[in-house]
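In order of appearance the chains are A, B, C and D, and numbering begins at 1 in each one.
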Amino acid sequence: MNPDMIYLVPLLPFTAFVVNILLGARFLKHRASWLSIATSAAACAIALPICFAVFKGGHFAGEFSWLPVGGGTLRFGYLIDPLSASLLFMVTIVGTLIQIYASGYMAGDPRYSRFFAYVSLFMAAMLTLVISNNFILFFMAWEIMGLCSYLLIGFYFERESAAKACFKAFLTTRVGDVGFLIGMLTLFTALGTLNFSEINGALAHGSARAAVPASLLVMSALFMFCGTVGKSAQFPLHVWLPDAMEGPTPVSALIHAATMVAAGVFLVARAFVIFMAVPETMPVVTAIGCFTAFMAAFIALTQTDIKRILAYSTISQLGYMVTALGMQGLGAGTFHLITHAFFKALLFLGAGSVIHGTHVQDIRQMGGLFRKMPHTAITFIIASLALAGIPPLSGFWSKDEILLTAFASGNIVVFWVLTLSAFMTAFYMFRLVFMTFFGKARDPHVHAHESPAVMTLPLWCLAIGSVVLGFPGSPFMHHWFQRFLAHAVPHPEYHPSAFVMSCSVIAAVSGIALAGIIYLKNVHWAEAVAKAFRPLYQLSLNKFYVDEIYSRFVIRPFLALGRVLFHFDATVIDGAVNGAGTGSMWLGAVKNWFDKNIVDGLVNFVGAFTCFLNSVVKRLQTGLVQNYLLIAFLGFLVFIIRELKLI
Amino acid sequence: MIIPLPHVLLFSLALFGIGAYGVLTRRNIIGILISIELMLNAAGINLIAFSKTTALAPETGQIFAVFVIAIAAMTATVGLAIVLALYRARKTVFADEVNLLKW
Amino acid sequence: MDILNFGIKVGIYALMAGTLVLAVGVVTLRNLFHSALCLAATLIGTAALYLVFHAEFLAAVQILLYVGAVVTVIIFAIMLTEHIAERSVAQRNRQSLPALLGILVLIAVTGRILLKTPWAVNPATVGARVTVADLGAALMGTYVFPFELVSVILIAALIGAVIVAKKEKSS
Amino acid sequence: MTSHLLSWITFTPLLGAFLLLCIPKRAHNSIRWIALATTAITAALVGLAFSLFRASEAGFQLVERAVWIPQFGVQYLLGMDGISFPMVVLTALISLMACLGSLTHIRVKGGREKEYYFLFLLLETGMMGTFLALDLFLFYIFWEVVLVPMYFLIGIWGGPRKEYAAIKFFLYTLAGSLFMLIGIVAVYFASSPHTFDMTLLTTMKYGLLFQKVVFLAFFLGFAIKVPVFPFHTWLPDAHVEAPTPISVILAGVLLKMGTYGFLRFSYPLFPDAARWFQPAMGVLAVVGIIYGGFIALAQTDFKKMVAYSSVSHMGFVLLGLAAMNADGFRGALLQMFNHGTITGGLFLLVGVLYDRAHTRDLNDFGGLGAKMPVYAGILTFFSLASLGLPGLSGFISEFLSLLGAYQYSKLITALSAIGILLAAAYLLYMIQRVLLGKLNPKWAALPDMNALELSTLVPLMVFIVAIGLYPKIILEYMIPTLDGLLGTIRGGI
């Protein structure tokens, strides 16, 4: 198989985008989804053999010249190493499944073809990002994903909340992107290249690394991490992700759970050599990831919107991944990225199915849906168990790997925080499950029904993935996945620890049990706890007040600064210009006075004198013809008398 | 010549003077025109008188007298047309009421 | 003979005096119609004077053209505008005294010159008799150009008079 | 024809203008067709020049030279190189689009089309001449020729405060160009033998003090045109009051005359002074970028917002110029071209909306995305291009500018990057207020874009996407000349 075929992987969905956006609304209509799904499936079909070739030890690369920079040129191309192969595998499968699901979920929407155009563009961008071989192409794809995220969050733009949410999402991630851009510029200045393999080559060996100024590398690593913070919704730029739930649910599953937000983690994985070259940057990564994991889980405890709970859960899990990478656990982080993509996509799709069936999003209005939506409920519970970390589901293995990394690398505080977060994760997930699927129906107006097969089939496919995908990284397969990744970037590995595993399991089980006691037995502990720890409860409910802080200390001052500068522009700068104008006018006025009274005075005097003479002489001008005749006659007389010398 | 030439010339001079007086003093434009006819007649008399006495060719004066009569007829017609037009426009035939041509 | 001559002379002087009196009437009569009549009489007087100078053709032209045509036109004009020329309205403007003085000076000055000038009377001319045939030959011969010019001017005057006097289209 | 191709390019619009004078005032259709045909022929001639232009050569090509005023050594000297070539292409393109845009807009504005198109074509001749002239004297004449029709075009067909805006524009620019004139005369007398010929002047050396003073004189002339930060206040007024096609020309071409002047005259003539002023220019660039961005954020008038965004975006050109290295120059020149297409498109879009709604108040709109899907798509496209979305042309040039500037000063670059953030903020805030949200019932009857309006925008979009995806297609025309220029500047060290 020709590896250059890989170019088709992003190009096919891009074709679907072009066709759908230009022709979709008028000609394709409901068939728009077929095109998107077909191209996505074709991309999958092309990508999977290549992935398997890489799994067997292959390595593909290719490039072409793109942009002349400095003395040389930037070359674009693809690089299929273990890291990108893993993501390629995940993205093509999850993406295709979600699109199949969406063709049912979005049925009847007036902007159906537009939706699939955007999703195809997103797929193209995500796949480009995954296979790209340099940071520029990576960044371009990264930004276009941001655009798709923007367009899809604002898909129902008639809603004010959606309009605000997409603006917020784009702008917040853009803050991180600017950091990423600066990081890239720094990197280019330091190394003269942005090509992944060349960066690896430059930094992998100690001697070569010593030639590069460390300060530039630190700067570049930290600035690039800003991109991750924005895209993967890490504290303090996480605020956009919960609001992003305004988009259609398949979008939340695809972009805001499985793929795009994971791209931030992927960025750190891609730039791993840089972080490894300057290990002093790692604690920053760890701290931010760890705090995010804890904070988001804590917020999720009190949320009631089904999608928002999942959104905070996503933030929290992304925090886990970032933490893992910060502790040099490339394998653990990437592993969790893959498994999380499957079960979180499944959770979102399940939630979508619930919303589709009930038309409500607040879990307080749900209840007893298990009977009415059995497929949705069973797959949802599988995914929840995976997320909570119940063995032998995939989430257990990957989360355990992260906890192990924390424990073994000596970050004990991190370990306990993450374990606590795992407990909270289990609790809020099963709070959600129990309130939604069990108990009695709380709202009589909700008439639930199971979703069509086109939606439940992808659910089952993802459920299978959620169950089995943990095994390649589990001790049963001798941590094949971790070793596979270590081909690409060497990083430390740790032996499994029974203590860590048991802590993880205990946390998960106790969380589920507590949720069961409170929400199945209807014990009123929750209210009691909320009362007892009111400040903490408020903190969680109000999402740590981050939005409010931004509003007060960032957004309003920025807008105010804009207005102040505008005022400044209009009064001071323009005022100076107008002042110059007024000054010359004043000077003109003085000169004008002089002109009028002195120069003009003289002229006017001449005029007035003439007028005076005129007033005398004009009396001769009677307008009477006989008068003139008489005068002429008398004049004639005088003339002849003088001429004839008669007198 | 039955009577001396200067006497005839004095007569025509008197006639001319009377006509000129009329031109200068008549308010009515028609009166002015009539006075002009007098002056033209005086000129005609002079022409005839000179053609009978001092001219080299005796018919010259008469021919110019004929021209004078023709001119007089033209003066009368055009002048009276102007008077009528004026009368229609300004409802007046008095020369001193037509004084637009002043300061 | 002397008496006859004397009588003719007296008659001529009387004619001239009468003509002058009539002329004075032309310019002084308040009623414009009367002054037009006086003008006709003056013109006839002049025509008579022409006869004295043996200009019979001219006398006939004078009476036919002047008295018959011009005076008639003038009387028409007077009648068309008559109600303006009422008696109560002053017929003379305020400059009659300076005009009179000026004219008297003119007459005095010019009369003195007339009387002082030694007129070279050509006896051949005095004796010559001009016939209508002579006049026609001169008009069509020596003076054909001024003659044609006068006819053009006459046409122009005619058209001009029609245009000037024509009633404007109601505007 | 090819032997005098540049003259043809320059004076074809003028011929069209004189042809227009012979057409009766009421023959509106003929007037429009002649104007359109003239701009189209000019564009076709530029296309011919494109086929003759050899991308790999650095020097002036298609040079025309004739003695004009021998007493002062003034020549009629036209020539094209990698710096002027993109600008000439841009001028032809933008003029054609603006002319197309005028077809409906000026009819709506109520007539006097003959005068309008006459001035329009005169303007095009001025712009072409400015970019092609290689004799300083000739350049100055064309530079001033641009000014006069612009004054009338704003002053007659403009908005409510058109007289104020036109006078302000005129006086501002005239003040700048007077300084430039002094500079030109100074250069003339400093050169030996006295000459205005650019090809000779670049080979001469001047003392540092002289360079500094004359550089400053030129700088004032060019900076007002760009406009650089403290001299920018004419721009919002002129833009807001000018009729749409003229705003397009103003943003698309006229602003570039300033930065073109830097590249063509200031840098090669006074390389030492340019290096001396490098920090100042960098600071002015970054101030312009951030300042313009913040003010754009505070705007409620659509057109004014786009106008201030120009201040910010032209800052990136200045930033690239201030970097004084290969990447910076490429970024600057490319940004000049891209800003022309992108902001030109944005102004056209403002005009499309204004023609329908007769207001530009951003707070008055809302929810138009559902009502005018094609308009919404294209407006989003141009906004994204303007905010530097990768894959579209704006990103490439801003990236190159920043890359160049980074090698000069990290701080300035980092601050400029805030400008990118601000661009995203004000443009998306605009989109949110215009396209998203609930539909204001006032606008329920607005029709979507028609074919004519689309035809003005689609060619621009083609350029934006093409350059965004594969920038080499235009960069390879610029690089030899820019590298040569860089060699000249470095040679002075």
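By our rule, a residue touches a chain if its C-beta (ideal position, glycine included) is under 8 Å from a C-beta of that chain, and two chains touch if they have at least 3 such contacts.
Predicted model only: the values in this text are computed from it and were never measured.
Taking each chain's centre as the mean of its CA atoms, A is the chain most distant from subunit C.
Rounded to whole angstrom, the centroid-to-centroid distance between subunit C and subunit D, based on C-alpha atoms, equals 90 Å.
Distance between chain centres (mean CA atoms), subunit B to subunit D: 84 Å. With centres set at the average Cα position, the gap from subunit B to subunit C is 6 Å. Distance between chain centres (mean CA atoms), subunit A to subunit C: 117 Å.
Contact with two or more other chains is made by residues 93, 95, 99, 102, 106 of subunit C. Among the residues of subunit A, those touching two or more other chains are numbered 624, 626, 630, 633. By the definition of touch given earlier, these chain pairs are in contact: A-B, A-C, A-D, B-C. Against subunit B, in their complex, subunit C makes its touches with residues 5, 8-9, 12-13, 16, 19-20, 23-24, 26-27, 32, 35-36, 39, 42-43, 46, 49-50, 52-55, 57-58, 61-62, 65-66, 69-70, 73-74, 76-78, 80-81, 84-85, 89-93, 95-96, 99-100, 102-104, 106-107, 110-111, 114-115, 117, 119-122, 125-126, 128, 130, 134-135, 138-139, 143, 146, 150, 153-154, 157-158, 160-162, 164-165, 167-168. Contact residues on subunit A toward subunit B in their complex (touch as defined above): 614, 618, 621-626, 629-630, 633.
Subunit C contributes residues 93, 95, 98-99, 102, 105-106, 109, 112-113 to its touches with subunit A in the complex. Those residues of subunit B that touch subunit C in the complex are listed here as 1-3, 5-11, 13-15, 17-22, 24-28, 30-31, 33-35, 37-38, 41, 44-45, 48-49, 51-60, 62-63, 65-67, 69-74, 76-78, 80-85, 87-88, 91-96. Those residues of subunit A that touch subunit D in the complex are listed here as 21, 25, 65-71, 136, 139-144, 147, 150-151, 154, 157-160, 162-164, 166-167, 170-171, 174-175, 178, 181-182, 185-186, 188-189, 558-559, 561-563, 565-566, 569, 573-574, 577, 581.
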